[in-house]
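When the chains are written out, they are named A, B and C in that same order, and each has its own residue count from 1.
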Amino acid sequence: MSHHIIEAQDLYFVYPDGTKAINGISFKIIHGESVGIVGSNGAGKSTLIMQMNGFFLPTSGSLKIGATPVNEKTKVDIRRHVGLVFQNPDDQLFMPTVFDDIAFGPLNLGFSKEEVEKCVDESLKMVGCLELKDRPSHHLSLGQKRAVSIACILSMGPDILVMDEPSSFLDHRSRRDLINLLKKFTHTKIIVSHDLDLILEVCERCIILKDGKIQADGKAKDILSEENILKQNNLELPLTLQKNNILK
Amino acid sequence: MSFNQFEFFDLGYLDYLSYKDTFIHRIDPRAKLIVSLIFIITVISFPKYEISSLFIYFFFPIFLIAMADLPAKVIIKRIFIVSPFALMIGIFNPIIDRKVIITIYGLGITSGWISYFSIIIKFILTVSTGFILIATTSFPGICLALEKLKVPKVFVLQLMFIYRYIFVLGEEVVRTMRARELRSFGKKGYELSIAGNILGTLLLRTIDRSERIYQSMCSRGFTGNINLSKKINFTLTDLLYTLILSAMFIVLRFFSGSYAVGRMLLGKGS
Amino acid sequence: MHMADALISPAVGIGFWAASISVIALCANKLKNTFNDKIIPLMGVMGAFIFAGQMINFTIPATGSSGHIGGGLLLTIILGPWAAFITISSVLFVQALFFADGGLLALGCNIWNLGIYPCFIAYPLIYKLIAGNSSNNKNIMIGSVLGVILGLELGAFSVVSETVLSGITELPFLTFTGIMLPIHLLIALVEGTVKGAIIIYVKNIQPDLFYAENHSDNAFLNLKKALISIGVLALITGGIFSWFASTHPDGLEWSLGKISGQEELPPKETELHKNLSRLQEKTAFLPDYSFGKQESREPENASWLAVSGGTSVSGIIGGIFSLGLTILIGIVIKFFRKRNLVNTQ
């Protein structure tokens, strides 16, 4: 295992219609780190994580996962190591039942039926939803759907978890459950979110993006408490750090 | 073929029923599928003027409704909501075929009415069997059965996708319709061009969604092959269920139970 | 215009099942060879789209009634014929199960009527020739309307043929055709217009979406292939019909005879009916079945001839009595289930 698990060097990405989404980004993420990526709408967050999974290949510059550069040849292999949790669980869970969905990945990896069964059980246990195994996906609550989405990524045994807006659609209780769950994982985590409080709790490091460039990169506690930096990037202090409380 | 908001919620109800846990729900989906097919084939194989022998076949839906703890009222109501194509076409029988064949208290009954009545009975029997099948078997179970019965995988996968996304897209449409209703002030129905635009938008969103689903599939190792794996065991109970019921249907097809019971009741020896 | 179980004979049902399943297998095979794996999720959500789209009822101008979209041609334009046929079949399967639209045995007929014609005839012969890959709105609209008309009219004609072949209804072939075709012409006009509007709308926003057009090079239908597949289909259809003709030697004659003999020849009617009922006995179960003799031993429940005198009365009374008894047993089972439930709780 290489020390740097993700390494971007002068990364650029331009959409086919000419939109410049990523404009020269360089960063290194080490094994076991959890990193929050924040920024206003259109800052390039989603584009960046789609690159980590090989859906968008770099226009120029390079992106390495472990020692492997992401390109047309390696992208299938890379997806095994990078588990992407989508923003909308209805896009991610496409099979009729929870079991089928979680089994989808392991079956593609060529596991035997017994291994698949075991894998499904273990992943569901990890997210605390074993009882949902035979339920159809459309009967689940949004919190449950989120947990199952994470389980179907875990079943692939990834090294890196990448999540797009994990707390969207969730009520407070489900959000809290999710935060506790994420804190338990020892994987390298990359979380893209508008929910700065979640990032503050789960991630030790934070990167701010604006117009496809890195504006700040450092300890989450430091960056997310700097009101000036946040304002410049159209962000706000996390609610837990806001002092001009209404009650005051 | 009509599919409106009301039926959309009804679809959810049938789906909900199919996840109950009763003896019938636990039977292997293959067994239920095969038994239902044999039942339907037997029922419609009766000649067109047959009525009395068909009555005895009601035992099957009634038995299932009772054993599977289904709400009989809902099933009956649904049978009558179903597209009445068969009944509309059948009504020509009494109009065209007017030969009086039996007179009861001076009231002549034509063979047309008898064949029409036979169509109605067959209609109720076949439609209720379909509903009961889906109310006692979860749809993923049916897909699994089809897969095990060697139906092409692409087709089975289609069914799974439809089942998964019918609810998602259905809700999307309900939301769109609500939004439109809010601003249409009681006007019902859509002008063609508006319907075209709404459907077009929905179509675009659907295609975008398929793109995201494809990404989700790829990020879990999809390379064009779909593997389905779920073990189901065809137990002795399933086998007995299939054999006993099928045998009953076929025996009753050739030895009418109705006549035997009727003769007994009227005290006539056979 | 879904065909219903109650209107068909087992032979027609099973025959069309066999035909539809073979076409599905053919399409599945085609898809395997020309695989672009993106089409799998697209087909799936397009099937769900057809359902969801049917929830939107639009007003049919000048009639006050309302209609909704069917699927075939639109799916074919987006997915290409092979994928579209599988998708429309799966939609019909779900409709048969959840809405009892059609029914399980009539499913084969319905797949045939609503799938084959738009996918393999209306699309290549009408839409593709008129609208092609052009982005001319007028061509798209004309192609769509004419395509839907051809598809639906052929489907309606099939419904008539299947019904008459089954011999459950008395409706004469010509009258039936005379009713069905004009009704479906009206439906098709509206549906074709809406589909045209959808395609034009989508093309204006995202012109590169149309799968079939963009992939015409890799083995999706071109005209030559279309003609070949129609030839094959004609053979299959011909095969089915000739199978009927050979196993039921007078099946077609019978329906024809009925049309001509219906009004003017009352004296012959009884004779005809006797023949009919004998024929019904013969055709009642699968062709070449071996139960014929058994039935002639029990003529009283074999045909309408028996509907007279004591036997039929006892049959009907017995039937009603058994019905009542089963309902009673059903209620008793339910009652005990509920009590058990209360006890265990």
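Just so we're on the same page, a residue touches a chain if its C-beta (ideal position, glycine included) is under 8 Å from a C-beta of that chain, and two chains touch if they have at least 3 such contacts.
Bear in mind that the values here come from a model prediction, so they are computed numbers and not experimental data.
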item: Chain whose Cα mean lies nearest the overall Cα mean; value: B
item: Between A-B and B-C, the pair joined by more C-beta contacts; value: B-C
item: Where chain A and chain C are represented by their mean Cα positions, the distance between them in whole Å; value: 47
item: Rounded Å distance, chain B centre to chain C centre (Cα mean); value: 15
item: Centroid distance [mean C-alpha coordinates] between chain B and chain A, Å; value: 43
item: Junction residues of chain B - those touching two or more other chains; value: 15, 139, 160-161, 163-165, 168, 209, 213, 217, 222-223
item: Overlap residues in chain A, where contacts from two or more other chains coincide; value: 94
item: Set of chain C residues in contact with two or more other chains; value: 41, 44
item: List of chain A residues in touch with chain B within their complex; value: 50, 53, 55, 76, 79-80, 82-84, 86, 88, 90-97, 99-100, 103-105, 107-109, 113, 116, 135-139, 152-153, 156
item: Complex contact set, residues of chain C against chain B; value: 1-10, 13-14, 24-25, 27-28, 31-32, 35, 37-38, 40-49, 51-59, 61, 66, 68-70, 78, 86-87, 89-91, 93-101, 103-105, 163, 167-172, 176, 190, 193-194, 196-198, 200-202, 205-206, 209, 262, 269-270, 273, 277, 280-281, 284-286, 291, 294-295, 298, 300-304, 307-308, 310-323, 326-327, 329-331, 333-334, 337
item: Chain B - residues contacting chain A, complex; value: 15, 19, 138-140, 143, 160-161, 163-165, 167-168, 209, 212-213, 215-223, 225, 227-231
